[in-house]
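Look for subunit A in each of the two complexes below; its partner is subunit B in the first and subunit C in the second.
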Partner chain A sequence: MYDAVIIGGGISGLMASLWLATKGRRVAVVSKGDPMCCLSTGCIDVLGHTDSPLKDMKKLPSSHPYRMIGQDAVEESLIFFKEIMETVGLNYTGDPSRNTEILTPIGTTKTTCFVPTTMQVSFDLEEEYIHVISFKGLKDFYPSYIISRKKNASFSIFDMDVYNTMGLAHAFEEKAFLGRFIRMIRDLEVPNAKIAIPAVLGLRSPGRITEEIRMETERDIFEIPTLPPSIPGLRLFRGLKKAFFEKGGHIYWGKEIASIEKSGNKIEAITLAGEGKPTRVHGKAFLLATGSFISGGLYATRESKAYETVFDLPVYMPDKRHKWFNDDFFKTGHPIERAGIQATESLRPKDSEYENLFVSGSILAFSEIMKYQCGHGLGISTGVTAAKHMDGYLK
Partner chain B sequence: MMFEHCIRCNICTENCPVFRVNKKFPGPKQAGPDAQRFRLDGEESVDSWVELCLQCKRCEVACPYGVNVSEIILKAQIKYRQEHKKPITSIIFANTYYMGLINSQLAPAVNRISQLGLGKTIARAIGISTKLPLPQYRVLTLSKSRSKVGKGERKVAFFYGCYLNFNRPDLGRTIRDLLARMGIEVVLPKQVCCGLPALGNGDIETARRFATKNATILSEYIDKGYSVVYACTSCGLALTRDYPGILDVPNGKKVAENTYNVHEYILKLIEEGNVKPNFGKVNMKIAYHIPCHLKAIGIGYPAASLFSMIPGLTYHVLDDNCCGLAGSYGFKTKNEETSNELGRIASASILSLEPDALVTDCGACKMQLGHLTGLKTLDPAEVINASFNGHYKPTEVSTRQAVPESKT
Partner chain C sequence: MIKTDVIIIGGGATGCGIARDLALRGIPHYLVEKGDFAAGATGACHGLLHSGARYAVTDPEAAEECITENMILRKIASKCVEQTGGLFVRLPGDSKRYRDRFLKCCDDVGIPTEVLSPTRALELVENLNPTIEEAIMVPDCSIDPFRLCMLNALSSRHRGGGVLTHHRVTQILKEKGTCVGVRAEDTFTGQKKEIRARLIVNATGAWADRVASMAGSSVPMTLAKGSLIVSNHRLTNMVINRLRPPSDGDIIVPNEAVCLAGTTSINVKDPENISVEHHEVDLITTEIEHMVPKFGSTRMIRAYCGVRPLLKADIGDSRAISRGFRIIDHENGMLSIVGGKLSTYRLMAEKMCDLICDRFGKKATCTTAEVPLDGQDELTGYPLSKRLKKMDEIVCECELVTRQNIENVINRIGPRHLEDIQHRTRLGMGPCQGGYCTYRALGIMQEGGRISSEESIDILKSFLQRRFKGIKPTLWGDQLREEQLIESIYVGILNLGSFRRWRR
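Our next item is the complex of A and B:
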């Protein structure tokens, strides 16, 4: 019997689990496949549409989950996240009161808040000279995109006989490969340039590898996130998972949830469709952190109906199907982004029959993650806050 | 077809061990759902690289959309094997059961020969890798051991599989006796190979023949009120997934629904209050390497739940790496490099924890990672057995190396 069962192994679910496990609770995570954060840049967007996330949080509509949990809760959760990541050797830099910018693989900049130290660029992106390194045969990373958008930039292609990000990340963990790479950087004839490398500098120990290159070459080195397979996204997910295992947490990798057992107005257990027979996971409090449409937490039909896929909770839908999207696809703020589960102040689903069910992450209604660029920040802060309410419920 | 559910997100690629180290393999997305669009009925298989997939199932576990990636690849592998000449290694490894039958009879001689230079030369000549010591066979197999032990209301039929039977019957007997001490009646039913090695070597007919035989026997036990338990996680995956699935044998579904991992079964009895264990202290720090196929069964990691009940035991769960041996995959010279690379990745993770012992359920993982890390290698059941009801004697922990006195 677990104190808490977390449904969804994404950033929100895992952060909730970590908070509860830190408080000594017995926690199980159930997850259908790996989460979307594996595909992300690994950066933590808190409120990317503005320069000052914390200050501008109060300008959000009052229905937004950030407004519901409050600025202090967001800040505390982000600090907790940073501390957790440090325990697994993934250091982040950044300040929730002020956003920062990183370079993207197409030479544009991306506004974000917490940045892995390996991606840290402490200079004027506009003015300073950078030299981009890529690897022969590496698909999905073309330095010419960056060169075409940025003055004061040049590039080199290294032939290292490895052709994908996964392979490169693995190879960088090897001493001989790293040594060869360092020698090639030393031989570059680009004085004073800062060196940009696609984010492949190791999967297990990126901090150590980046530091070693910086020391050995005496240059400023930073990573640029790539398209999936995204190494920084995978580092983030594996880091969270490792921290959770270290705190004695249990994870069930499964398929769909096969059934729900309830007694009165409480959920008693869920069963997972495994091979052969279902597996029963029994708990006192449950968290729904299954994500939005892309992660499978929500499902929409052609008839403008939307379902929550585990408990069939009532879903808020903005309008009929033909009004879900703006005419211009690339303009953010599509009405469908407001769809989701409406929550009470204690992050329980509104109009739900269950007293021991909580909800967090991108499945929450009115999040508008694309519009406000608040994906991971929202996942972390609502996850940790829901965990606090669950802990209170369990007392 | 399920491949149409693929949105090309590449989460499977991020989880593929082979893609990381072998540039000839295009990764599960391309080898699975992408290439499936071009594999028309009646067309000849041309992509020899499908055989580079070692069927760890990590792609399928990772897929958030429920695409049966590894099964798509498995079917392509079977088709490729059927249309091309079978190398001798495929024939040998599809029939490891018969190898075991013969080799265990002649164990002392076979064990000697496999360690000699000449034996190794012969092995290499036919495509068998000798980087790893070949498994040693035992004369007193499990099939020759006491087939009924313990008394109680709860009854289990122990499907021990080839590795425990031919190579580690001592461990098989430890598991049998551990269950018996918990008040369970344990029988060792007559059985043949689970069929997974044959399936992995593209021989679905042999796999089905083995599976049909096992399902018939196990089904009779189930009718008599027995549950089936397994300790080898690859046998477990075959029983629960392949018998009712790709092999589709009579009674396959019934077997799958009544089959438990041995630790899942123990945990269930503890949670139902039918076993009240008094776990004794085991002062050890262990790295628990999760076999790919345990992850794929989808029951969580029940042995880890049991470890958390053992006082003094520090355990670290590692579930990101494949050991690379994957049954017979790494024993083929053509896969030697891939297998070795993967083994080194997994070993580095384990060694970074500086554990007293490596613990893992799977025989292949034990052979590969025990060899590469040089650590004392235990089965989860040995750790639990050492602790159960305080029956802790240092010699019980391992048959090969006893736990140092200072650790007890």
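Our next item is the complex of A and C:
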């Protein structure tokens, strides 16, 4: 019997689990597969469409989950996240009161809030001379995108006999490979250039590896996030999992939910599909953190309806199918982004028959994640806040 | 200035077919196309090589042309044609009298038919609705319109013909009331060319009236938009038609790894600003589901539409207008060819070239029905094993296009247009519709120095917008989910939505 069963192994579910585990609760996470955060830059967007995320939170519509949980709860959750990541050696820099910019592989800049220290750019991106390193064989990294857009930049392509991001990330964990790379950087004839590298500097210990390269070469070096599959996204996910395991958490991985058991107005247990005897996961409180359409928490039909895929909760769906998306791909704020589960102040699904069910993350209605660029920030803060409400309920 | 005998405007099947025919008859010519080959109706159709059965009842003459051309194209363009065969299925409630008439009319014009029991039909196409009354097998085929155009143009090039794609005709030059040439502009560089000729052929399909008006003439036409949707799977290996008078959503055609289902028919005024409406997608889906029930639950990857350039007629329903073609002599040195369909493009070219020979007083007979298209020997298809040899080099995972394939096209024809690569390699034609590989292809083009980064980002953005237009009507279920992932990459990770230029 678990105190809390968390459905969804993404950033929101794992942060909720971590908070509850820290409080000494017995927690199980049930997940269908690798979450969306594996595909992300690993950076934490809190409110990317503004310069001051915390201050401007009050300008959001009152239905937005940030407004529901409040600015203080958001800030506390983000600090908790940062502390947790430090325990597993994934250090982040940043301050929720002001945003920062990182360089993208296409040479644009992206506004975000918490940045892995390996990606941190502590100088004027536009003014400084940047030398981009790429590796032979990388399909999704073309230095020419950055070089020809920037007035002062150059690039080198290193052939390290490893031809994909994952292979490179593993190789950087080896001393000999790292040593070889450091020598190649030292041999570069680009005085005073800052060095930009696609984000492949290790999977387990990127901070240590980046620091070693910085020390040994006496250069400013920073990583540029790549397109999925993204190593920084994977580091984030693995870091969260590792922290959870260290706190004694249990994860049911790669499992689909076959059935729900309820008694009165409570969920008693969920049964997981699989080979052999089905697994029954029994809990006192449950959290639905299965994500939106993209993660499979919601499913939209041609008939303009949407389903919540685990409990069949009522879903708020804006308008008919032909109005779900704007005509302009780049005009953020497609109406469908408002779809989701409407929640009460204690992050329980509205109009739900279950008193021990809570909800967090991008499945929440009115999140509008692309419009406000608030994905991971929303996942973390609603996850942690839902965990607090669950803890209160369990008392 | 370039001097030639005939200028052909339009690089669709008709224009390319005329170029090849003139080449075989030894008449110097130049083809000018504003986009890539097959950019209009040719490339936006369902890729069906008609057996003629669809027209047997309503338009026997067109049906007869179709079956004759069908048999010819199987021989001369074998690498463009997939001999799938086709079925006309009769569902419960569909008229039996129409079926009898259909069989008789097919017989009258020489279209071979075979009546199949439901069991036999289901053996051939397992996804067919098991409640069908019967199916009639006809020699329908699937045809690759782009490849067809390219090989026709190649046959012309091999014999000294000039072919200019991505060149827009900006002016038709006239002297003493007679057309003597054109001015064309490179759509990429803006560079202008003047071409002079004895005769101009207007083979621009839905654009025929616009082009004719540049020479002070007109071509009365009805423009009928037809919409289609593309399914993620090849649900059938045969063409499936509904056995009833022509109507919306009555055909599904297998094409490479996908199926194309359509169509609709809506009259439009402007061939450029057309898009697929959501209700058309619903209509097609519902109708196709009757014949192939699995269709409704299959992921759709795109919707697209083309404009049928039909001869003007005072008939409300554009489907009732003859699909026959006509050559209009504007009596000013310009000949327009309108109507017709992809399946009869060769015949249309033959008639046009007969007329041109007549004008020039040249005796040269048409050999296009006997001589195979050039360049087919080199088309080995792309054997999977060959393509998988260097897995790390694969740029487009859906269609298994390698970096080498892309570099070959860049080196051979030096394209500065994304479409050129897409059409010649099938890059971006698969389920992700270029969502991942376009960024890569543009990266490779930059490395080759073909385009600058500023250009490539503009091209990428306009590609993504165009792509979204096609995908938007199919956004529900799994496709919606995939699309949000693409959005999270380009708008989220790459921040292209609020992309600003660096100070330089």
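Here is the rule we go by: the second predicted complex is superposed on the first by the 394 of 395 C-alpha atoms of A that agree within 3 Å, B and C clash if a C-alpha of one lies under 4 Å from a C-alpha of the other, contacts with A are read in each partner's own complex, and residues count from 1 in each chain.
In this text, contacts are C-beta pairs under 8 Å (C-beta built on N, C-alpha and C of every residue); 3 or more make two chains touch, one makes a residue touch a chain.
These figures come from a predicted structure and were not determined experimentally.
Partners subunit B and subunit C, once the complexes are superposed on subunit A, both fit on it without clashing. Of the two partner chains placed by the overlay, only subunit C lies in contact with A:126; subunit B stays clear of it.
Contact with subunit B, but none with subunit C, is seen for A:38 once the two complexes are overlaid on the shared chain. After superposing the two complexes on chain A, the angle subtended at the C-alpha centre of subunit A by the centres of subunit B and subunit C comes to 90 degrees, rounded to the nearest 10.
In the superposition on chain A, contact of A:190 is made with neither subunit B nor subunit C. After overlaying the two complexes on the shared chain, residue contacts for A:322 are found with subunit C alone; subunit B is out of touch. Once the two complexes are laid over each other on the shared chain, residue contacts for A:394 go to neither subunit B nor subunit C.
Contacts of A:73 after superposition: neither subunit B nor subunit C is touched. In the superposed model, A:260 makes contact with neither subunit B nor subunit C. In the superposition on chain A, A:272 makes contact with subunit B only, while subunit C stays out of contact range.
With both structures placed on the common chain, the touch criterion links A:109 to subunit C but leaves subunit B unconnected. Superposition on the common chain A brings subunit B within a closest Cα-Cα distance of 5 Å of subunit C. Subunit A residues 36, 39, 163-164, 228, 230, 296 lie at the interface with subunit B in one structure and with subunit C in the other. Across the interface of their complex, subunit B is touched by residues 1, 28, 32-36, 38-39, 161-164, 166-167, 169-170, 173, 204, 228-230, 234, 238, 245-246, 248, 250-256, 272-277, 279, 281-282, 295-296 of subunit A.
Those residues of subunit B whose C-beta lies close enough to touch subunit A in the complex are 9-11, 13-16, 19-21, 23, 27, 61-66, 237, 239-241, 244, 256-259, 264, 271, 295-301, 304-305, 308, 316-317, 319-320, 345, 348-349, 352. Of all residues in subunit A, only 36, 39-41, 104-111, 126, 137, 139-140, 142, 144-151, 163-164, 225, 227-228, 230, 292-294, 296, 299-302, 321-322, 324-325, 327-332, 334, 336, 370, 373, 375 touch subunit C in the complex they form. Every residue of subunit C that touches subunit A in the complex is listed here, in rising order: 277-278, 282, 285, 296, 392, 394-395, 436, 439-440, 442-444, 446-447, 452-454, 456-457, 460-461, 464-465, 467-469, 472, 475-477, 480-481, 484-485, 487-497, 499-504.
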